[in-house]
């Protein structure tokens, strides 16, 4: 297991957003976290990426305890994430947005910048090369010099992917990558996610578009009311009574109809 | 009484709704089913004037209302109990209900009558009338949101996922009240993820997927239909 | 003892003015989440309109105040329409800069029209009265009474009338407010009007004991910011209580520490508070 | 070659600046332009932390004044040799800037702006009230001109002009190297979204602090130059109005652009000085201008020019890539 959580719990005031969740994310696989609205999926992401401190429980990455680490240090370990909204710098070019993604692998400081030291030159070349590489990977090499505000929503999602990839991660967390994307574009994004796996990355995503998930995920974890209610392969999830009930609701008549 | 014809809504380049056509007759209880992000809330927001359609018409009692402002539409009789409740957390339960009459304020007697009615529907609100909305439990907040939407004496009420985050028992209670409201003569349009519970009380329904209506039918038809399941869990 | 009493009384006077200014600032912040840097300029204009109505048109003090309320209220409303409304989707840095632009404009305009001199404002309450061993002018008593009356009226307006409650509702949940039929534009304009009116009243009652000059709003607005940060941005009771706390602290500080640095108290307070709690003492409750 | 072409405008500008004193005998013009150069250095400070890192600091007149007073007091009262005092003034400003930044940057957005506004006012009040040290409202007079460096003396307007031009050019070069490097990109990433910056591994607090400290350093540098150029300083230079002036120069020129501060500052300072009546009443025009700019043209002169050039370059490139297809970008 690349990432494991044990007894992970997050309380906001009286509300338990994530309740005693234990999940394992396997290396080189696509893990999807699903659940009805308000099930605690985004909070779980925020805990793992260090954006919120957890109330209880532990998170380990390759056996190392990262529960108390802050988000920028977690990123340095090789854990990247994207947000539901892309948050990109709209009036800068795609390239400029992505170059900074490699900053965490560089050591240059203000002194290096002002005196253009060899280290800075080397690291700038590396950052630029990295940006070009990930932009090519996500299929945006031709859009590199356009402003982000001028490209499509789907392309923006790809830029967000590229930015995450520029940090040289081992695992990428994607928060609703297909939200706000038209159905035909969703397929392209799914292909891109598969491509990330082919390159040896591990992916964990939250998504509501079930058809996409069912065709994409190796492993699905279902949350409801902050608790893990099921996990397994897509086939197992689709026939799991508890999942069906969480999604379709438990109606008496439904039981009769069955 | 409510009719959407070929309505499309865009957020930038993204087509959130494409060619939605649906009707709700007077006195009906119609349910919109679909997973998160399918477009249910966008339909509601378009009906109540928070979003503007780029294409198509929205008619209410034969009058075209597409693109009108929300404040005007409340006056015309469209009540909207939104997803996430959108209460005024630092106001008391009573004050929240009173704000519900904002669009039709003036008639003190009617207001008092509606207040009694809401308190009768949800006795717990009467008990907690002086407490801040923010201090209520999730279920009570949902009841307050429903009550607030009723205070403007709407002809049609839109309930957007009232069961979110509620325990099954409370959900049942909330649905019972929605059914009661409908039986009293108010037309109801209900968006739900909780498909079975919603279908139990509905006359008819539409299944939304990716901003389109994929199936529509009566309660029984939808209960037997596999598309419902597919829209939710992709099966 | 007498000194203490006298200073407590002065503190109440000053605190009353602070509270009124902070109230206007907090209302606007609650609705639009704008720190209105131009609010001090509204205060200054309020002082001038009252003074000039009396000097040029010969109207009595209270009529002058009424004119000032209408003028400054309308000016604030205009600001909302012309500047803040177009900027509501802009990056957060923009509305602050725009507010600074308005502030600079109004100050220079007043200076151009009426000059940079310090002027005294005449008042029908210039006589003094003695009680409990202290001597104060009726004006100071009037300030306290007027401020309390205005605050009570404001509270009644916000609590008891639907239109007033709409302001509170919108500050607590914007979308919820739309859904009960509240018109966002009207409420925003109304809020700015009330905010401007409060600034005009504060300036008009404070000017007879201070002076009227183009820079008279600078310190007041800064302190009002300190107050609403202490009392919670957007909180009405917070602004009132914070205003009096600051007023009293200052007058006691002026007596027992140093008169020269009494203005510093507010800012030191702010620095201390934000150092310990960067989100302010009372982070705003509820969603927005 | 490409680089030279890109720098054509700035180089022409530099040439004009170098030759300017040769074409005028009017000491007053030279004085005004020198003053504008000084302000521009301070505006670069505000531009770095505000325009690039996205933290609107309203305390910068305070740091400008700290630099000026530190130099003034060290040379006049303590008789410290000029250039040593100069360095010490910068050290003092930077140390105070670091302390303020450590606390102020814990706050965000509105709080940060209000907090720094108050810090600025505290600095003003201390300068104004601490008569024994600062001379209070009377100010400090008789501050030395910069001491000679070897054979070069700075006792004339023109020599000061060139000295300050050198500092300005150094500042611009410094800013160019900084902001165009991956280090500077870090700041822009923070302005864009602190949340996102953190998830791509940037220690945002540390980076914000560094940019804030550099910005106070630049303000202090400008202040020290101002003190020995004008040779008289009063509490006014620390007042919020001065910060607002700096802010206006930055916005007009282009907040968050390399040449915005120098363009905005020169333009407005020269404009207001040449129209006499505008000296006192310039804000009648510039106040509304500021409002109009942030509503309709928040990029300022330089930002707008760059955007135009970028779009044009992209169009050209598109045309050469695939003839016939039209560019459908823009907003």
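Quick notes
Letters A, B, C and D mark the chains as written, and numbering starts fresh at 1 in each.
Convention: a contact is a pair of C-beta atoms (placed from the backbone, for glycine too) under 8 Å apart; a residue touches a chain by one contact, two chains touch by 3 or more.
Remember, predicted model here, so these are calculated numbers, not experimental data.
Ranked by how far their CA centres sit from the centre of subunit A, the chains are topped by C.
Computed from the mean C-alpha positions, the centre of subunit B lies at a distance of 54 Å from the centre of subunit D.
Mean C-alpha positions place subunit A and subunit B at a centre distance of 32 Å. Centre-to-centre spacing of subunit B and subunit C amounts to 41 Å, using the average Cα coordinate of each chain. Per-chain Cα centroids separate subunit A from subunit C by 47 Å.
Contact annotation for chain pairs lists A-B, A-D, B-C, C-D, with touch applied as defined.
Across the interface of their complex, subunit C is touched by residues 48, 50, 69-72, 74-75, 80, 82, 85-91, 95, 98-105, 134, 148-149, 151-152 of subunit B.
Interface residues of subunit A facing subunit D in the complex, by the touch rule stated above, are 49, 51, 70-73, 75-76, 80-81, 83, 87-89, 91-93, 96, 99-104, 106, 108-110, 112-116, 120, 123-124, 127, 145-147, 149-150, 163-164, 166-167. Listing the residues of subunit C that touch subunit D in their complex gives 33, 35, 37, 83, 86-87, 90-98, 100-109, 111-112, 218-219, 222, 225-226, 229, 233, 260-261, 263-264, 266-268, 270-271, 274-275, 278-280. For subunit A in complex with subunit B, the touching residues are 36-38, 152-153, 176, 179-183, 208-215, 225, 234, 237-239, 243-244, 247-254, 257. In the complex of the two chains, the subunit C residues touching subunit B come out as 162, 165-166, 168-169, 172-173, 175-183, 285-287.
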